[in-house]
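Just so it is clear, A, B, C and D label the chains in written order, and each chain counts residues from 1 on its own.
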């Protein structure tokens, strides 16, 4: 069952490579729906964990989120590809685009790699999968082959590869520690028998893994590639990058952290998480205050939210962190899709030049609702998870950190509210003509509804799953 | 409460001989100036004349202009009910009537200011603005002595405060009396603050607000002013000369002589003091407030 | 075994010292060979031999071909001055060697030289990425970094299962392949590969 | 309780219906019915027995737990009254997008109702922020002009900062007692340091209430909203801050001495500064907004005296203080609602809110003028109307505190502040009444102004009538106030005499005035009554612009507060140009917030150099982070 979840998207990707445009699109949506169905099945009958792969609650949650996001993005991508007229893209100047099947195949491979990360049980195998996601997503970023997207892709590739190489060294440290105590390199086994491993090596392994996976996850100061990559890539890709990929990096980091906190290093692990979490929020706030490009604004908000998640783990509530990760993915994907619509309507990325957004009623509404969600206003889920994290921070005695955290969130709120309101103001910008197509609105609206749902009513099964996931990742409730 | 005959008699006496005070003050000023001065009962004659005349209303003004004098007088008479004007208790009294007393005076001022604004003339506007400014300062200045009374006697009703035994005495009494006297001068637009018989509109404060009133309205206003003077004078008198014990006639006589003395003092003050510069006027009111504070701290 | 590790370290020092692209590529090929030999010399089984052969194939054959194609395309072979001059970078190498020796002694007392060699190659790779300006040298730096970590894995950890080994290799190959295409496209687009000039995406203070 | 819940549901439904149906009249009727239902629902709570409902809410720490005790009922009464009046008012007032406006207003009312009855932290916060969001959407109603957008932004940020403090407070309590229910909070507050809890409460709820240093958003946000919404906001929403403080105070009773003192000082500051700024305003609604700050100051004075009384052990001081403050909550809600609707009618009729351009509207809009006068007299706290009763109670508390040793100074401070504020309020509202409605019109000819339609006048008349009735026989509103005050300091029965006295005085005044009015008319009917132009002291060509303007009227008072309008003296010998402009810069904003925000931005922009664009720097950061972590791990 699990291997099916991995091979199906990979095979579809390869098939798409060689098939025509029409067939490739069919493959894309088909594979997406199939993947979603498979996630449902895995939830209903969780399979036993094999030697290489397992489906514990944490991986199931992130698998489901990735599947949902990918399904939404695949429908969005169909519409997106229609709009790409054969002639070169307007502002990409001389350059044409990648052939469409290549784009679709890389998307499907990207899905396969992410599934691989979620389901993998062997730590080194997880590393391989994460490296694969980087490599597969780099060409996706420079799909439009504009000079800026090339630069962004290169930076993304270089920084993440170097980071992940360090993580590989961390893996080897764990391997040597496990080898000494002849414990197999499997996440859950390692976590349970973490006591036997040499703590010094584990500490070093955690440091390296934190730097490596932290770079992939976008924690400051390793986040520098994220605004460029998410700002320049096409909107369905940046939605997936922000929504799904950051979660996978977070999952793998938590697997390693679970092993270390199991071995009694919990104190050190939490302090590192808290420090870098708060640092990310502060640095993201600095860039969101005067940000003029709304896609980069969304990217920095991803950095901020990853900071919140890391701070949540540092404060001791992995439950809050996982909840925040879920909510963030849903809302961020919706926002990136909406930003894609705005980009297509107004042909500009600078929020100053975008005006009277009410001329695009649906996108305008989604944009406003999305930002209300991402800034943590109540009806949406992020408010709940933020409150849980703040409570944990105060309960675990980090009073001052909590105060700084809340102040920085308020600063971010002020900066973002100002630029978003500016986009609704009637200014000189000529509003786009023509009706907004359903294919661009429906996926985003569905994700928005999910985010609203988690804010008002967390179903029993989801609550139980998140609790067991947080236990699996070594955190208290 | 003691709704007895004596306090009713005092109330009626107050209504009758309120204008008499103004006459005395004018005579004293005339005496200082070496003139014979107008007859003491001049204000009665004016009132009688005005009440028999018709009225000329400005085309601009409306119902507020006409209601101003009426509500002004009603408020002042209402306030009189609560003041132990004669030698005995006030007609009415409930715990908290000090505040009602101050706010009734405030209501009278509020409506005179609105009436002035309704005429739409720049001079009445100027008078209204200055009157509003001084009344804003006079209000705390009036409250402070009352607060001292309440603090000393523990009673918040005027009538009860004056009847209670632990009355203010000694230096605090002096300070309270001084503060009240300053408020008395400010409220009744006597010389140091405002000149009652100036003819240059730009310098008037209280008079200019009655500039456009004529006939019965003007009568009501001037009678109201006289009544207000009697009111504040009564409090000062009761404060300065502790009454009680004697029969109604003796008390009344003593009280009347006290009021007369007060009028003479005011007359002398007016004749030998020049008018304060407009910007110095708030200083006087704030000094009244300071005196009140001092009294409070000393008591 | 020690001879191989020492030659690996020497090649890393050479890496930091040379400037021209062609010599850099030659050093990278040399390192690939050494790694292959290192894998084989640890324990000679059919599995390790096959893997070593594959590593050599990737690092010594495929990668130079891709990179040289990109260099011809770019044309301008002159390497712009790096941030840290060639001579001072050798001094930096010495410092890095000291640090890696200290770390190795602290962490793996039983095989200090192997750990020191691995750490040093890794630090050298990192240094090349940071200090050189063109994309080509950055790719080579990444390869050296990867090689250092791989050699550490070989010397320290126990027998990693074949599937993991293969996975690592596959990733390396894909990384090299993608980077090669990317570099080719950058040099085609900007007709130079100096990353110093290609830095349009920034947020720092040019506006209010 | 289900009556109350059904009213909330009906409110939301009425809003939804208005969205789609063309005529909003149906929705207005439904809203009024819902408000009536709500009022009926809380009658049992008024009588003191708590009605509550508790359902599971599937979010961490959340529970749908509503309960209305007498304190909540006190705040719900004006909410439903004003909610109904605002619904009727908006029929005439709103022109564009009426359906959406109706939906938002109803949701705002429902959110406020939930805020006043929520007994669970999570539910409270959700309702609190929803209230802020709905009112924000209404503040930026005409988002065309940048002024209201700027006001909206400031409002959103200020309310969010306030909520941040409340979130911190609830998180602290949740951490300590493991549950977000208000019933568990007393245990948590006992463990927490009192200073922190009190500071967070005052900051968080004070920001929403508009205490002096935190009031900056109020005079910008309320005028930008449509008038019936600013009536709702000024009348009820800022009282949510007061409600929050009281609800939290119930939990950390007994509060130490300094808490009462803090409230008294805040009240004095808010009162004085509020009315001083109100006097400096030219825009009607901004003047009313600042006067809301002043009235919040008066309420804070009352509550402060209440807490001082509690800590001094004198039940009578405490009872008078609390009941005075709470009575003023209801009175101010009605009065400020009436005044804002009046201002809305003026804006609806004349199209401008600048007092300098208005004048003489008494002729064109007689009913609005009458209601506005009733409102101004009431809010300046003059006897016959309800404002006086509230302030009388606070004065009583201050007077009684004078004779108690340790409460004397607080009483004195409260007394002087209240007296000065009362005086200035009289000046401010005399000015507003005089400049807008009396005298001659200062700008366009009279016929251009038209009276507001009937649907706008009806709620104003209802509110004015309510004020008069409460003023004359305050015993009507006592069942809502006294049990709530008793929750803080136990029942005390001395207050009924005072209230009865005030009522009698009001009637007496009325009778006297009527008698004099009849006397005056009887005198005049026999005589010749002629009309002539106002006496201009012989000036040859008087015109309407010579009348005293708003800033001129306030100039002497403002010169005391260094807020006087700025006149540019002509410099040349033969002056060609001279200018006069009255800018009303808000001192608090200019001196506290602009430098503060500037400081935050400079500090943060220092960090912006990180994203310098060069990949080498980026990887250097990575390496530096690694080395730092290594060092951290090894020490």
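Rule of thumb we're sticking to: contacts are C-beta pairs under 8 Å (C-beta built on N, C-alpha and C of every residue); 3 or more make two chains touch, one makes a residue touch a chain.
Because the structure is a prediction, the values reported are computed rather than measured.
Enquirer: Can you name the chains that touch subunit A as well as subunit C?
Expert: D
Enquirer: Which chain pair has the highest count of C-beta pairs that touch?
Expert: So the chains sharing the most C-beta contacts are B-D.
Enquirer: Averaging only over C-alpha atoms, locate the centres of subunit B and subunit C and give their separation in whole Å.
Expert: 99
Enquirer: State, to the nearest whole Å, the distance from the C-alpha centre of subunit A to the C-alpha centre of subunit B.
Expert: Centre-to-centre distance between subunit A and subunit B: 79 Å.
Enquirer: In angstrom, rounded to a whole number, how far apart do the mean CA points of subunit B and subunit D lie?
Expert: 36
Enquirer: Using Cα averages as centroids, what's the distance between subunit C and subunit D in whole Å?
Expert: 68
Enquirer: Could you say which residues in subunit B touch two or more other chains, in rising order?
Expert: none
Enquirer: Enumerate the residues of subunit D that touch no fewer than two other chains.
Expert: 605, 608, 610-611, 615, 619
Enquirer: Quick one: which residues in subunit C touch 2 or more of the other chains?
Expert: 126, 129, 138, 195, 199-201, 203
Enquirer: For each chain, which other chains does it touch, given as pairs?
Expert: A-C, A-D, B-D, C-D
Enquirer: Where on subunit D is subunit B touching in the complex?
Expert: So the residues of subunit D in touch with subunit B come to 359-360, 362-363, 373, 377, 380-383, 388, 391-392, 395-396, 399-400, 402-403, 408, 412, 415-416, 419-420, 422-424, 426-427, 430-431, 433-435, 438-440, 494, 497-498, 500-502, 504-505, 508-509, 512-513, 515-517, 520, 523-524, 527-537, 542, 544, 546-548, 552-557, 560.
Enquirer: Within the complex, which stretch of subunit D touches subunit C?
Expert: 605, 608-616, 619-620, 623
Enquirer: Mind pulling up the subunit C residues that touch subunit A in the complex?
Expert: 107-108, 122, 126, 129, 135, 138, 142, 145-146, 149, 152-153, 156-158, 160, 163-164, 167-168, 170-171, 174-175, 178-179, 181-182, 185-186, 189-190, 195, 198-201, 203, 207-208
Enquirer: Note which residues of subunit B are touching subunit D in the complex, please.
Expert: Against subunit D, subunit B makes touches at 51, 53-64, 67, 69-71, 73-75, 77-78, 81, 92, 94-100, 102-104, 106-107, 109-110, 113-114, 117-126, 128-130, 132-133, 135-140, 143-144, 147, 150-151, 154, 156, 201, 211-212, 215-217, 220, 282, 289, 293, 296.
Enquirer: Would you tell me which residues of subunit A are touching subunit D in their complex?
Expert: Subunit A reaches subunit D through residues 154-155, 158-159, 162-163, 166, 203-204, 206-208, 210-211, 214-215, 221-222, 224-225, 227, 268, 272, 282-283, 285-287, 289-290, 319-320, 323, 372, 377-379, 383-384, 387-388, 390-395, 402-403, 406-407, 409-411, 413-414, 417-418, 421, 424-426, 455-460, 463.
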